[in-house]
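Common to both upcoming complexes is chain A, partnered first by chain B, then by chain C.
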Partner chain A sequence: MVKTTSKDTQALFHSLRSAYATTPTNLKIIDLYVVFSVFTALIQVVYMAIVGSFPFNSFLSGVLSCIGTAVLAVCLRIQVNKENKEFKDLPPERAFADFVLCNLVLHLVIMNFLG
Partner chain B sequence: MARNLGGFLVLFLAIAICEAASIFQPISDSHRSAALELFSPTDGSFGSLEDTYEALRTFEILGIKKRPDISTASCQSVSETLGSSTSSLKDVFHALKVNNILKCKVNDETFQGVAKRLKAVLNDASSLLDFYYSIGSLVLIKDQNSEVDVLLHDADGVFRSIKALSQSDGRWRYSSNNPESSTYAAGLALEALAGTVSLASSEIDQSLIVTLKNDIVKLFDSIEKYDDGSFYFDEKLVDAREHQGPLSTTSSVVRGFTAFASVTSGIHFLDVLPKSVDVGNYKFVFEIVLHDSEDKNVYATGGQTQVPVFVTGLIKIDNAEIAVLDSDHGSVETQKKLDLAGENAVSLSANHLQKLRLSFRLATPRGNIFKPHQAFLKLRHETKVEHIFVVGNSGKQFEIILVKFLGSTDFLGLVEKFFYLSGRYDIELTVGDAVMENSFLRAVGHVELDLPEAPEKAPRPPPLAVDPSSRYGPKAEITHIFRSPEKRPPQELSLAFLGLTLLPLVGFLIGVSFFY
Partner chain C sequence: MAASETSNGTALRYAFGNVLSFFILLLIGVLAFSIRLFSVIKYESVIHEFDPYFNYRVTQYLTKNGIYDFWNWFDDRTWYPLGRVIGGTVYPGLTLTAGTLYWILNSLNIPLSVETVCVFTAPIFSAFASWATYLLTKEVKGAGAGLTAAVLLAMVPSYISRSVAGSYDNEAVAIFALIFTFFLYIKVCSWGGYTFIINLIPMHVLLCIVTGRYSSRLYIAYAPLVVLGTLLASLVPVVGFNAVLTSEHFGSFLVFIIIHVVALVYYIKGILSPKMFKVAVTLVLSIGLVVCCAVIAVLVALVASSPTKGWSGRSLSLLDPTYASKYIPIIASVSEHQPPTWPSYFMDINVLAFLVPAGIIACFSPLSDASSFVVLYIVTSVYFSGVMVRLMLVLAPAACIMSGIALSASFDVFTRSIKFQLPGVKGNSQVDAGDTSSEGVVAQNEVAKTDKNEEALKERPSKKNRKKEKEHVEKPSVKAQTKKRLLVLPFEASIIAILLLILLGAFYVVHSVWAAAEAYSAPSIVLTSYSHDGLHVFDDFREAYSWLSHNTEVDDKVASWWDYGYQTTAMANRTVIVDNNTWNNTHIATVGTAMSSPEKAAWEIFDSLDVKYVLVVFGGLVGYPSDDINKFLWMVRIGGGVFPHIKEPDYLRDGQYRIDSQATPTMLNCLMYKLSYYRFVETDGKAFDRVRRTEIGKKHFKLTHFEEVFTTHHWMVRIYKLKPQKNRIRGKAKKSRSKASSTTSTKRGETQRKNPWH
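And then the complex of A and B:
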């Protein structure tokens, strides 16, 4: 029973990986970027859990900067994805420009909040 | 007498130089007690002869009669110093000065021996201090013993030797091989020169005296002035050796100048203090009025100098008494004599139908009636409520106060003023004046007052005056308390997490590099 379950899981992962392999490179890079951001945020949360939330502003800025940029990256991914017919007319350059601009605004706010 | 008065005038002029515009503070008992505190003998003497002289001279000037008895020890020291042939010039000088005041018994031979030794020193003296001490000592011997021959046969030579140390600006050098000139030394030199003139066996060359007068005029060019208008002399080189303060420099110059003036008759003594001068404030007005009306065509005169002078004295207080009188008849109920020079502790009792009378008489040393600037009577209740009355003077009975606890006319006035507070009142009397040397503030005693009950609308006693130090005094010191710093994690942990946060970035970069 257990064996079957592990086999099934393996099969599931395998199919997922093969399905993901077909994803275009630019989307993969964005995914990697999202993962990187989320991990950075997680490390900060762990640090806060160990040490305490003393410079709470700094903690919030650090975490929100990571989460924010991850969200923006997700938005970019949605716009850049060719399969999303909704953004068919939107050139990827424009989407990237939006991403950069939003990041700028986000980080200006973060810098102010940093204290 | 005339000489004494003349001396006083010189003193006044000297004071006028120093105190021209400032308010002259008369000598009072506080100065005397300060002097007695400053100069207190140990083991019956003041230590060195110089200290002894300073103490004795201070007592003499301040008019302290009850000086500590130091004559036995000091006289012994004086005769030892004068008898010894090895004692220093300075000690001999001060021994003679002390002797001048104490009038110790020193025999003629001793004086003769000292005079001979001083003359020998004078013959080959070269420094100003040698001249000053030896001539000063000879002058003192001349005053103390008329038998001893102290006259100088070569007074001109001595005069020239001292004059040789003078500088072009009127100041003096201490010795010929010392280039520093000093104003203090100028005073010493003038005193020594005056001594030389008075010791001269024959008349001094007048031309020498004329040049010296020019030097004095030059010296006065360097006179300086305080902000309050007082003049003073000071050394130009502050770091000069043997530097003296402005006070001793000025005193040295004034002493030298007056000594010189008195032997060369360059000063005119005004013997003008009339017999009628009594304690009080006076103003000397100096004005030139030409005797001959024809001279008005020849000379122009002008200017007026005013010198304020205080004549102080001990005021005699007598007929001091305090009495409680019956208001209606004026008959005396209790009467007590007071000794306002000493302590008093009278105790009286009175009610609101009676009067209190305090009377005393002030008389100047010449027997004239004296009216002080201030004469106050203070009554202080147990609750510290104070009442101050001005002691007026009326007619013949000088300086009377009548405090009516009740008069038929001012019944309400005074009882109300006392806030209907019955009980014990301490009596304090203040009599003061700038020229009264024995001004006093004295507790006389107390009076037990029996006042009627306060009506309902009676004024309440004022609240006690707030102690000004509680309002304006220093507040408790505030020490700033800083917030204790937040606990920070160990640095290693923080650095480790810094590295950890960079790890995803490295992973991302590696991941990206896979795609290309």
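And then the complex of A and C:
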């Protein structure tokens, strides 16, 4: 039983990797960015758990800015993905402009909230 | 029908239609604006009721001192001696909107006063709201339904009641913001009336996920909204950290997590082969279940450890209607927070109540994301409106959208069947619709149905009829997809049905105009009544407040029940002890205790609060029912909740609240009774109270610690001054008392002479 699951897992990871290898490079870069920002958010949460959440707005704005950028990057990724049929008619330039604009708004708010 | 036209013709027709609908929308805006002006025409351009006065005062401060001072404003004229941090405890949407409006107008060299801007903010925004309704409904069901819904919303009585010219309150702008947010959300950003939105949208997302309608559009619409919405909400000082700490908002975060999981699952499903995906699912499920359990346990522990389980009292009373009356008398005492009665549904949304079910059905016939959202909106808002009268307002737009959809769908069916048969009628030259052999049976069927339906329309109430109406709308729309031929209704039937629908609309218009003109335009600070000798205007409140502002020192403190706090600070510019922002229960309980104590104890309480004047509202002479004697039991309850020596049964005789000779001695000796009925017997010799319809219990008594300084024309507001302490400066006290009695005696003569009831 254990062996079959581990074998399955191996097969799964293998196929995941092979499937992922076909994604275009620019999407991979975006993925890296998403992973990086989620990782930053995680570091902050761990720091908060260890040290305490005293300047709560700083913590909140830090974490939310990370999550916000991650979410926006995911949205960008969905929109520029060529395989996604829902956004065929949407040019990637437009998606990128949206991304930049949303990030501007987000970080304006974050700066304001940082206190 | 479009096929028969040339392509040029159709383009022209579309352009014509667009221009036409633009003008219709313009007219709807004018209608929405002008139907709310009855209050200005019938009374004058004043601000209404209680809360608007506070908003008006805040707006004045904002326009005078600028936005930075506004955020840091500490108001020392209310809640004496505590004060109130206004900048941090007020929802700023309304004041900022009106402030911006004022600023724009003045920079265009249109010099309007702040008051004028405030009075007309609500009508302007209701016009905006009807346009937003048009946009929202257009997304759901097309332009026709949008226009109908916009017309309906422009004059739905429930919304009129909150947005007549002068009722300068949060709801006026919030409804616009609510509808517009929904529109933007459906269209694929946020501010304003907010807990409802922040919970409804996640519910819709969840519904979409559960019913398998997940798409990446949904993710793009929702995920940034949560992050940005939360951040923007926590920028508003009132909300602050509440946006992440109270469990009203946990729902949206939970859905936020869920949508990420779903997005990931869909993504992986996309790149993996089905077999591998199955393996992955089993693997992830076994691990994920454990993680999920742990997270849920942590969440539950967090929520349970916080007091009141993380929900604020007002929201708890939403979910559990009996909560407020059990635990928080101050919330229960506000009549707006009571559950509504059935007549109020009919009063407030009128015929829409019967059209809503039909609209729901029409929404389901082709179910899209947009229409499922609207269905969810109506279902939740119906529930909430059943809990609190105030939330009827949230129901109103939903009902308008639904009925707009229903009306336009049925019009569509009827006009199409007329159009279809018109050539046939010409050819046969006989007006007989059910003659074509193939459709004969179906048509006969339909005749029977429409006949029933006509009856249903004629005598609107009762559940059965509603059901028939539902069926009726459902049938055509379902058939619309299967066979266009079956859509055809008999010619006469559809003509009659259209006429009846127009009649229904006419009833609605008549009712709405009546409601706007008669029921909801009263500003409640100026009252009118009709009697056999004509119209009486009772302007006692403003009389009293202007007396206060002219005859008392700037720093004098005025005590009254909290209802009149906002008005006193705004109109009389005097410091009050408690006001309508009921943030400190103990302070209100102190005033309640003072009002229900005997004179000496009350004097001591008021003196300790540095109070100079006490204001009571008394309707016994003219029959004004919402006066302080009728509110008195709430004072006792709220006071007794904090100071246990005040006991409600002491004021009730055998469980009945009465002020006649059967009343308890505690009742007859309490301050509120004495201040209300002092010298009342001198008006008609019998001391007959017109509100309670009885003679009062104790007619002749003297006040020992208070003196009457002012009573308005119709005795509706009576102002008393606390006598100075007697035993220290005895000679002076005596002198002042004799002076006071002389002034009151002259006043007495005056009031009797001017009394309209004699």
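Everything that follows uses one rule, which is that the second predicted complex is superposed on the first by the 115 of 115 C-alpha atoms of A that agree within 3 Å, B and C clash if a C-alpha of one lies under 4 Å from a C-alpha of the other, contacts with A are read in each partner's own complex, and residues count from 1 in each chain.
One rule holds in what follows: contacts are C-beta pairs under 8 Å (C-beta built on N, C-alpha and C of every residue); 3 or more make two chains touch, one makes a residue touch a chain.
None of the values given here were measured: they were computed from a predicted structure.
**Q** If we overlay the two complexes on their shared chain A, which of chain B and chain C does A:T40 touch? Say first, second, both or neither.
**A** Touch partner of A:T40: chain B, not chain C.
**Q** A:L64 in the overlay: touching chain B, chain C, both, or neither? Say first, second, both or neither.
**A** Second partner only.
**Q** Looking only at contacts as defined up top, I'd like to know whether chain B or chain C touches more of chain A.
**A** After superposing on chain A, more of chain A is contacted by C.
**Q** Check the residue A:C75 against both partner chains and state whether it touches chain B (first), chain C (second), both, or neither.
**A** The answer is second: A:C75 touches chain C but not chain B.
**Q** Which partner does A:G52 reach: the first (chain B), the second (chain C), both, or neither?
**A** After superposing on A, A:G52 lies in contact with chain B but is clear of chain C.
**Q** Touching A:L32, do we find chain B (first), chain C (second), both, or neither?
**A** first
**Q** Would you tell me which residues of chain A are touching chain B in their complex?
**A** Interface residues on chain A, with respect to chain B: 25, 28-29, 32-33, 35-37, 39-40, 43-44, 46-47, 50-52, 54.
**Q** Please give the residue numbers of chain B that touch chain A in the complex, ascending.
**A** Within the complex, chain B contacts chain A at residues 486-489, 493-494, 497, 500-501, 503-505, 507-508, 511-512, 515.
**Q** Quick check on the complex: what are the chain A residues that touch chain C?
**A** Those in contact with chain C are residues 5, 8-9, 11-12, 15-16, 19-20, 56-57, 60-61, 64, 67-68, 71-72, 74-75, 78-79, 83-84, 86-87, 102, 105-106, 109-110, 112-113.
**Q** Touching chain A in the complex: which residues of chain C?
**A** It comes out as residues 215-217, 219-220, 223-224, 227-228, 230-232, 234-235, 241, 244, 263, 268, 270-273, 276, 279-280, 283.
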